[in-house]
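Here it is, the structure in full.
Per-chain residue numbering starts at 1, and chain names A, B, C and D are given in the order in which the chains are listed.
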């Protein structure tokens, strides 16, 4: 049911996180340990912001990430201070580029692990609630993209956390009317070019795994002899569906029903209460 | 803007029409003569019925038809008494399998050449008019598929010609409200496993080209020495966006604002008056 | 490292073996139990003979078999008395259609599970030994296809078992000169339109798994109440990398260093001694 | 039969040449004016060097360039001082990533428009002449890639022009032995990270078109009011199969049987005499 990661910090080559770690995202595409499925082979995507701001670029493919030569090339050539990457395990919708995460709207990127249970039955009603001006921008057929457009409708650009809460509430209300139990399972990565949010929530209070890397200064103090860690800039944070390696103390679980925000000079955790 | 063909007659290998004629559909994928574009390289599809009835099978791909090795193999191995094939030139929507024609619903196949002008602006309204029970069945993002689901909503299964007329009227009314001129351009191929319909219509009365092959008996009489024609069974008809060859007298244009129906033992032309 | 199956018997829809069994080949593409890898997502292929003889048709794709809609459609529409299907887990060569099994030469089909160790270093020498007249027919970059063309060079069409033995000996000799240990690991499925061979061999005497279904009459006697088994025609045999279900007594391992031959009215096992 | 371009100058976004000009390379993929085919839809590729030197990156796809969303994204996000791009019209070999140009060896990139006539018959002999140490590096099945590896064998890294001449001579000699007339038709783009070569040659002395942009200072003087031209850095050169626009005086044909070299501070034309 998908794995993802998000990075915020000093610019690094994408391959530093996508390929090089022991349990990199690409490794997870074949051998996920904590996911609902071990295989995440139904497409992938990466969205990255340039060092000079501006709209993010996307690279999305419909084959498995592990075998995509273009992704490997790109990851070795492109450096970014803020990027999100996703590997997909479809929960039923088609394997096509327009269903690959991240989704983009202006400067915003959105990716999702999880699902809306009973989505086929609720899709019409959920989609109708999307702002008519945003409606033509929906290009694929996934629950994840509808969630994004609902959040945009509910004010994502102005008040991100509040808008995501409203989106979740709306999905859960709609599900209740349809008699769907435990409708929502989600971890979300959202970015606007400067800030990065990570949400962890599920209707049943038993959400998919989500971790954030420990503060860089603390990590350096913990492992004074690890050269790689010594190079990490202050303020760097990595959010991951599952840890990229076994380094004790490097990864903190994001608690149930909460969200994290990373921005230059600041990182915080908050309650997520739809 | 796409080219297509449909066949109804005694079972033949798909390649007899897709590959072998001088100006076959595959040739048209690179060198269309009468189309709005010479190149139709944004995907393709074929839907065929078996000789024992039952639901049709689909083969659809997102690359150009001319280079697809699987299509060539399939066309040399599969024989069918009723099949429809389409090569796509996108008018803006994504190149993905769920946007490739033909579309299928139960025993029904549907393919389209043309477009709804201003579709992005009208898509929400048109899609809302689709029967909620049919809504989840829309898998792609094209105007053509929405037209199909509108026709189904308006009774395609019970009264095909009338339902297509109602669909056209509804699209034209919606366009009028949106201030869109000349909204609809279409030739349609529709089949239910026994019957084959071909529609030619456009809001401006200047529709894309569409031809039907001459009655087999008349053709045999015209060319007594042509062995291939002598083998064609009575009642065989081929509908094409553009003729498959130069044989004089073999192809009749389907008139503006009309439709053709081919079924075992019968072929007729009728007015199409939305 | 790939999984495959081969069927010889009365014509059945491909989906009877590819999709319907509890542990079908498509299930194995995501959840192989006996393979070197649990995931076989680097392409797939099926080659089938028609009921009227003639050259086999191929359908090969580069995405994972589990998500291929065209494969599912084809499998539900095409019936065959003799077919071979393969799901690939690349051992290093590119994921491209020309590397997907089965490979074809005239009426012959060939598929392989396993590898030649040290292939990159030996490829030139092995390829040079291919008959120059066959050389241009090599379209991909795999060890498996070179093995096929070596077997063809050594007389596959005239004396199949002997030619495969000579191919193996040649690979092992070449490996010895290159100092490669235990060079060959293989199970092979080979067919000519009437006969089906299955080979199981490895240089180290510890070959990949391979099973053949029990004689149909014996199976029916064993399970008199199983309706599906009662429908299986005499002489039907299925060869599989791993059993398609848990039915006790239904699958016999093919012994190390041996081969099986299935043809109308006959099935036999023999020693394979390169 | 393919179209290509190569750029050497101050870093620009790839899209400046791939998408923005009136008759951009992407436009040429559908509407080539000077090519042997108007459609170049059998794959594409771009290879680019970073601003900090190092090995070039590749992005290659098997669909038509005109519809590739990832190429468009990449072209808008990546800037490079030296890049080569290619759109392919296959002359018979498979449409697969390993057959897409440019080809890469270390710091070297190579792309080709044209063909070796009779290649299937000569392929074995030509491939055998490739240095055995380079042989395993051949990944696809095209004449173009064999030409590259022959040139590498003949000293491309040390003496580029001489090595290409020797490659051509070798191909022509081999063709003579096989009785093939006019065997070679080629324009080549070759780069090593600093230098860019363009070759124009054919056995019959009637080569595919090839142009180089006029010296930047001369262009600025010619069009003092053209803002875009005023921004072009001294020393910038673009080599193209066909001009990207109609600007009089902007493009010079590269003469028959000659080559151009562009490097920082220098641009020259020379005779090419195999």
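Structure notes:
In this text, a contact is a pair of C-beta atoms (placed from the backbone, for glycine too) under 8 Å apart; a residue touches a chain by one contact, two chains touch by 3 or more.
The shown structure was predicted, so the numbers you read here are calculated from the model rather than taken from an experiment.
Both subunit C and subunit D derive from one sequence, and where they touch, over half of the residue numbers involved are common to the two copies.
Chains compared, subunit A against subunit D: the Cα-based superposition rotates one onto the other by 180 degrees, nearest 5.
Annotation: 39 Å between the Cα-based centres of subunit B and subunit C. For subunit D, residues touching at least two other chains, in rising order: 69, 94, 97. Of all the residues in subunit B, the ones that touch subunit C in their complex are 48, 50, 57-61, 69-70, 73-74, 76-78, 97. Those residues of subunit A that touch subunit B in the complex are listed here as 94, 96-98, 120-121, 123-124, 128, 132, 135-136, 139-141. Residue ranges of subunit B in contact with subunit D, taken from their complex: 30, 38-39, 41-42, 62-64, 67, 69, 90, 94-95.
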